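Worksheet for the structure shown next.
Chain lettering (A, B, C, D and E) follows the sequence in which the chains are written, and residue indices restart at 1 in each chain.
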Amino acid sequence: MKLPIDLHFLRRPFERRTPPGSAPGTAAQPDEEVHSHIHLIAFGPNDFEEAEVRDADDVRAYLGNYDITWIHVHGLGDTSRLRQLTSMFDLHPLVYEDILHPHQRAKAEEYEDYAFLVVRMVEVDPRLDTRQLSMVVGDNYILSVEEAGPHDRLEPVRTRLRKSIGKIRQMGPDYLSYALMDSVIDHYFPVVESFGDRLDEIDDPLAAGYTTNLIPEIQRISSDLLTIRRNLLPHREAIRNLMALSFTRYTDNTCVFLRDADDHISQLLDAVDTYRQICSDMRDFHFAMTSQRANEVMKTLTIIATVFIPLSFIAGVYGMNFSDMPGLNSQYGYEACLGLMVCVAGVLMGWFYSRGWFRG
Amino acid sequence: MKLPIDLHFLRRPFERRTPPGSAPGTAAQPDEEVHSHIHLIAFGPNDFEEAEVRDADDVRAYLGNYDITWIHVHGLGDTSRLRQLTSMFDLHPLVYEDILHPHQRAKAEEYEDYAFLVVRMVEVDPRLDTRQLSMVVGDNYILSVEEAGPHDRLEPVRTRLRKSIGKIRQMGPDYLSYALMDSVIDHYFPVVESFGDRLDEIDDPLAAGYTTNLIPEIQRISSDLLTIRRNLLPHREAIRNLMALSFTRYTDNTCVFLRDADDHISQLLDAVDTYRQICSDMRDFHFAMTSQRANEVMKTLTIIATVFIPLSFIAGVYGMNFSDMPGLNSQYGYEACLGLMVCVAGVLMGWFYSRGWFRG
Amino acid sequence: MKLPIDLHFLRRPFERRTPPGSAPGTAAQPDEEVHSHIHLIAFGPNDFEEAEVRDADDVRAYLGNYDITWIHVHGLGDTSRLRQLTSMFDLHPLVYEDILHPHQRAKAEEYEDYAFLVVRMVEVDPRLDTRQLSMVVGDNYILSVEEAGPHDRLEPVRTRLRKSIGKIRQMGPDYLSYALMDSVIDHYFPVVESFGDRLDEIDDPLAAGYTTNLIPEIQRISSDLLTIRRNLLPHREAIRNLMALSFTRYTDNTCVFLRDADDHISQLLDAVDTYRQICSDMRDFHFAMTSQRANEVMKTLTIIATVFIPLSFIAGVYGMNFSDMPGLNSQYGYEACLGLMVCVAGVLMGWFYSRGWFRG
Amino acid sequence: MKLPIDLHFLRRPFERRTPPGSAPGTAAQPDEEVHSHIHLIAFGPNDFEEAEVRDADDVRAYLGNYDITWIHVHGLGDTSRLRQLTSMFDLHPLVYEDILHPHQRAKAEEYEDYAFLVVRMVEVDPRLDTRQLSMVVGDNYILSVEEAGPHDRLEPVRTRLRKSIGKIRQMGPDYLSYALMDSVIDHYFPVVESFGDRLDEIDDPLAAGYTTNLIPEIQRISSDLLTIRRNLLPHREAIRNLMALSFTRYTDNTCVFLRDADDHISQLLDAVDTYRQICSDMRDFHFAMTSQRANEVMKTLTIIATVFIPLSFIAGVYGMNFSDMPGLNSQYGYEACLGLMVCVAGVLMGWFYSRGWFRG
Amino acid sequence: MKLPIDLHFLRRPFERRTPPGSAPGTAAQPDEEVHSHIHLIAFGPNDFEEAEVRDADDVRAYLGNYDITWIHVHGLGDTSRLRQLTSMFDLHPLVYEDILHPHQRAKAEEYEDYAFLVVRMVEVDPRLDTRQLSMVVGDNYILSVEEAGPHDRLEPVRTRLRKSIGKIRQMGPDYLSYALMDSVIDHYFPVVESFGDRLDEIDDPLAAGYTTNLIPEIQRISSDLLTIRRNLLPHREAIRNLMALSFTRYTDNTCVFLRDADDHISQLLDAVDTYRQICSDMRDFHFAMTSQRANEVMKTLTIIATVFIPLSFIAGVYGMNFSDMPGLNSQYGYEACLGLMVCVAGVLMGWFYSRGWFRG
């Protein structure tokens, strides 16, 4: 039986921690060898430019010339350029620290010159993992930093910007940050759904009774769903903070969309809870079935053993070598003995029947 | 044993989702082939007109001429006409999206020109299912969109409008939206009650001990009740929002009626919780009974086996073929041996009795 | 074993429901055949008059002439007179509906001209049942409507009015409504206490080990206590509403008394929770005891069987009919064989002892 | 096995109740035969006088002459003198009722001329019991009424007053009431600690495996701890009320001390929860150990039985009396048969070993 | 099996308590024999001085000459010097009491002239233990008192002060108190992580089935994690108090850092909850595995026993010594008998197979 617990994944909160007591803003050297890529999209209602930048200084040129500049850093490997960017936007040391320690819970914090958001992306490839996306939402820019990973969750937003689908180019950085958050949250749906597929696959063998290896799989699914729930729940709090505290940079117009993202989270949590309930039902079903079968096995053993033990005893008695046993030499002794055995068996069976042991 | 889990139903939250990251207001093409029917009722205290409309433009004529126009769309199949209607009333893209994705939780949201409500209708035909009813409540109209389904939950309201029963024609669109919501919520009562009937049917065979196939049925009922609970609970939140946030379109007069709907939800939740408690009690009863019977079977086995095992051993000893065994040839050897067996059996039975093994 | 669930009682929430979608204020025809009795007490600090009235119109005469008129209707059978009374006091249709559907949770609602209270009376006669008492508290009257039942819970209040015990005649209708509520809540005490008696009766046979039929009884008690808890809890909410929302008709003076009623509810809930805890402890005790006894039975079987099985095998070997078996014909073969058996038995017993199988 | 439930103690909430529906301020005749003792301490920063008073009228002399007069009544037996005192201080009928019904939860209530506090003292002598201490805190007096009991929980406060330890004589009645409350709460510490001693005593025999009679003892401790928790929790609420509602008689200076009492309650609740957790851990440990031992017993039975059953069968076959059985008369038949048996046993043992049955 | 409960640790809340009813500010004589060391750091943006002081009076010289003076007392053994210090800063008696009774929960309290903080340091050396760090944060000083222990949790902060790393010398005492708190909280990370290591070590033997001694270890880890959780949780409340109540000495600037400490606590609680979930999963896995193996053992016993019992019976019958048994002397009697046995065994095996007993 394979242990249904993925311990490696649970070490993540302690990765890349600085030693206790370090000054705020100290960041551990990342062990990713991946270089950071800086992708920049600058746009206004009618303008659009897209570029890969090498140096943080290249960014400065765009900031004044376009309504909104979105600087996206992919990969945390290149701390010096990240340090450059954070000092360019004059970010708080704690923000810099949170960006580089990718084990934050989702959150929304307001600073004087910008809002700072953290969301977590989820993947199953093939085992469940989460990555951090940090966003600094300023007056005319968004700086987003993404932990390197196999899938690009933000491409649909880039496409909408490129093709100017919907009103995304007309709106401010707050709406863009919503669009990014929404894209991240929407990607939870196929992930959660994939657990539905796995539960579906378990369904048939479970009903057929081949349960041995299913239980760890069910527990693994249930445990992964709990991890998803734990990662998802703080998003709700973050979004409600954005709506309730009326961050100065978030307009009422955007809050309507945030309410929609909040709805999506509720739907996801509903689905996760439902799936966890199914896991629990499946386990209960398995135990009910196992216990019923064990019961049946037990009852059969008891009935057969209890009927034959007295009969064997009788046979044993007449197998004793006493020289002077009554009946051994009489003509119908053997038949009488067999008759006695049948009677004893009959009486016992009748008694069991009357106790209801043969009932379902 | 049939698995008590209805996985198909639990796929519903993921049906008809647009791809993650799509722009708000994008709607997946519905896979219902049913055409949408648009039914219109226009009325005032003294006027009443009812019509089937083909084109969204036909609606415009009624809007100015009657106090209130209720446009009811049945079926989500005809997105072009829905698009026409939503643009006629200038609805927010997210409202359009929510109407077309019929997996929303019940909710109440206020927009500038209208309030947007979602409620869920419940059915057992024969398996539990829910359908979405979306309502846009404007100043002089209600636009309601209903996912196609086998039963018409709103006919009683139409009858009250036609026959002018109660004050429904004198009141505003807020009261009409209450009446629709109330009709939907009231239809939960017979559904919940039907689970009472199913529990009642289980009652007798359970007490008689025919429990094998009842446990999955009980679990199925319990799981369905949980689904009802999950669908019902957000209605309470929605109604309390309507009352507490004092939506501009909802008068104090209507709030008194909403308080009544809130009471009905509390009663339903009470009944659901009670039924779930009964399910849990039935399961406990089943396990207590099974365990008692297994205990009894076990005890019988033990007593019979434990008594006969030493006796058979004695018989076995005197069945050995040693040429020189004392007693085999003595006159009353056989009788003495039988007497020994009776003694051993008696001592064992007495010992068991003294340990209380024969007690209930 | 008798099933510990009283399904009939749990059908009550669905009795006398009007069809879903009915207009508010529609009341199902009650199936009680009992006529409604109208009992009237009119009083002031120095006046007191008591009368049985036939017609609702008779009430009108008292309303102006006394400080407070208490109209008490016993039984819901006579809807026409109830309709008369509610229209005389100009009650809201929903109030009329709630009075006639006696499955409301306890609640307190304020309307413009009166407050509307619902409390639930509890009885065990012999099975647990609850009845509804609705109260309309106006400026100079109380209209109370009681579902017909075997016991009169309000007689002590009438006696206090008749004999002018305490300040009840000097105070307003709010205090009278408190007195009625208090009398209803106080009657929960003997009911809860009766469950203490039933638990006490179980105590001795449970400790003696006669547990077979006790478990369903314990479960029945636990389930009834839960029903009491469910009926009691909304009273607390209702009373706290009365105190917190400062209903215009409820003076600070009366609120001091309401705080006392709130204390009583807390004490009742404490007692109910304690009793439910005892039920749960008893069940645990039963299972611990059953499991201990099963363990003991099992261990005895194992020890006896495990010791005798090898011995019987030895006997079986020497019972084989091989013509040429060593030892069969030697002089002390039989004694040596018995000695071997004693040794084997001794070794096994010693091994079991060393494993601690004989320890408690 | 002794039942771990102390039912007598749980009857207490229903002792000395007045009949349902009695007028407020009605008090049941106490069944204590103990006379009430009235102890009086009158003091100011520089004055101190202590006296036993017989008559309530004797109290009046002190009230005007000292800054603060503390009248302490020990025992509820003498209702007439209690009635005198309550009417002297013009107390509300409900206060009088609460003092005489010593089953109140801890609480703090403000009346116009005084505050009314109830706290519960706890004792284990030898079984857990609680007693009520009611306090009326007026402008220049405290009236405290204590249910008679074996221990004096307030003596340390009297000593501090007598010897003028700390600032107790300089402060007002609010501080004195705090000192009394604090003394009562502090006495919970040794009581809770005594349960630690009892758990400690269980520790060794539990690890040694003598668990039979420990489980009820553990359950009794757990149940007593729950009772302590239930009695303690309302104190927190009462103290927080005193701090938050800013009772007019409670100064900020005293609130600092109340905050400390609140801390003590938190520490006590932490300790109680920890102990209850230990109880639960001990139970789990017991069940794990029992189940492990039962498993081991079972496995031994199975292995021995399963190995010997086929061997006995072989012996049985060669014990049959057919006249013409092959091998019986061959020279090495017996040895071959024994060899066959050894083979069968070896194969079975090997199979069991390969299935891992001998592993821990 | 070793009992997984560390009772000694749980006695700590009752250590060094003063007798119940003592005056506030009374402190029990500590039983630590360690002398208290007083370490002093005085600093401003450009000044820095560090000294060991013997007498509390030596401190006075620094207080006026430097912006901030941090007096750190290590060890509670020297009450007279602690008394001197607390009277020098004019601390409330309850603060003195809380400092000397090192069993406080983490908390933050504001007094007029200073804020008083308590945090708890955690260690595993080798068993889990916690120590108290009390801080008095005044306008130009911090007095911190640390219960003596093996590890120095505050050295990183001293280093930052010495080397002027970050802005720690430019900020006020509120920031220094944050830095100390943060260092304490950060030291929880390696402690929690060490439990991850212990769980990792259990992982392999658990999957391999050597579970006997793992269960107590798992329970010990789970119980220690709960203790950490209990110690950690009040820190969150304390920090939120500091942020929400806007203590006069805590600037907005420092609150940003407190929010970060709050985040760290959330991450720690998440990790602790995850680890506890893993413990629970491991236990479930163990029980599933044990129960599966017991089931398999049982089934094997049943099948072997149930097949051989009837065969042995047949052998027993033909071993009886009746003189006149049919078939005994016929030519193929023995072979026919063996054939009968094979048939019976075959029929039984077939029946078991058809019941699915051989399925997984």
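Here is the rule we go by: a residue touches a chain if its C-beta (ideal position, glycine included) is under 8 Å from a C-beta of that chain, and two chains touch if they have at least 3 such contacts.
What you see is a predicted model, and the numbers here were worked out from it, not measured in a lab.
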item: Path length in the contact graph (chain C to chain E, fewest steps); value: 2
item: Same or different contact residues where chain D meets its copy chain C, judged by the half mark; value: different
item: Chain centre separation (chain B, chain D; CA means) in Å; value: 41
item: Computed distance of Cα centres, chain C from chain B, in Å; value: 25
item: Where chain C touches two or more other chains, by residue; value: 298, 301, 305, 309, 312, 316, 319-321, 325
item: Interfacial residue positions of chain E with respect to chain A in the complex; value: 153-157, 160, 165-166, 168, 179, 182-183, 186-187, 189-190, 192-193, 196, 199-200, 203, 206-207, 256-257, 259-260, 263, 266-267, 270-271, 273-275, 277-278, 281-282, 284-285, 288-289, 291-292, 295, 298-299, 301-302, 305-306, 309-310, 312-313, 316-317, 319-326, 355-357, 359-360
item: Contact footprint of chain D on chain E as seen in their complex; value: 1-5, 7, 10-11, 13-14, 17, 19-25, 92-94, 97-98, 103-105, 107, 109, 111, 209-213, 215-216, 219, 223, 226-227, 230, 290, 293-294, 296-298, 300-301, 304-305, 308-309, 311-312, 315-316, 318-321, 325, 327-329, 331, 333-334, 337-338
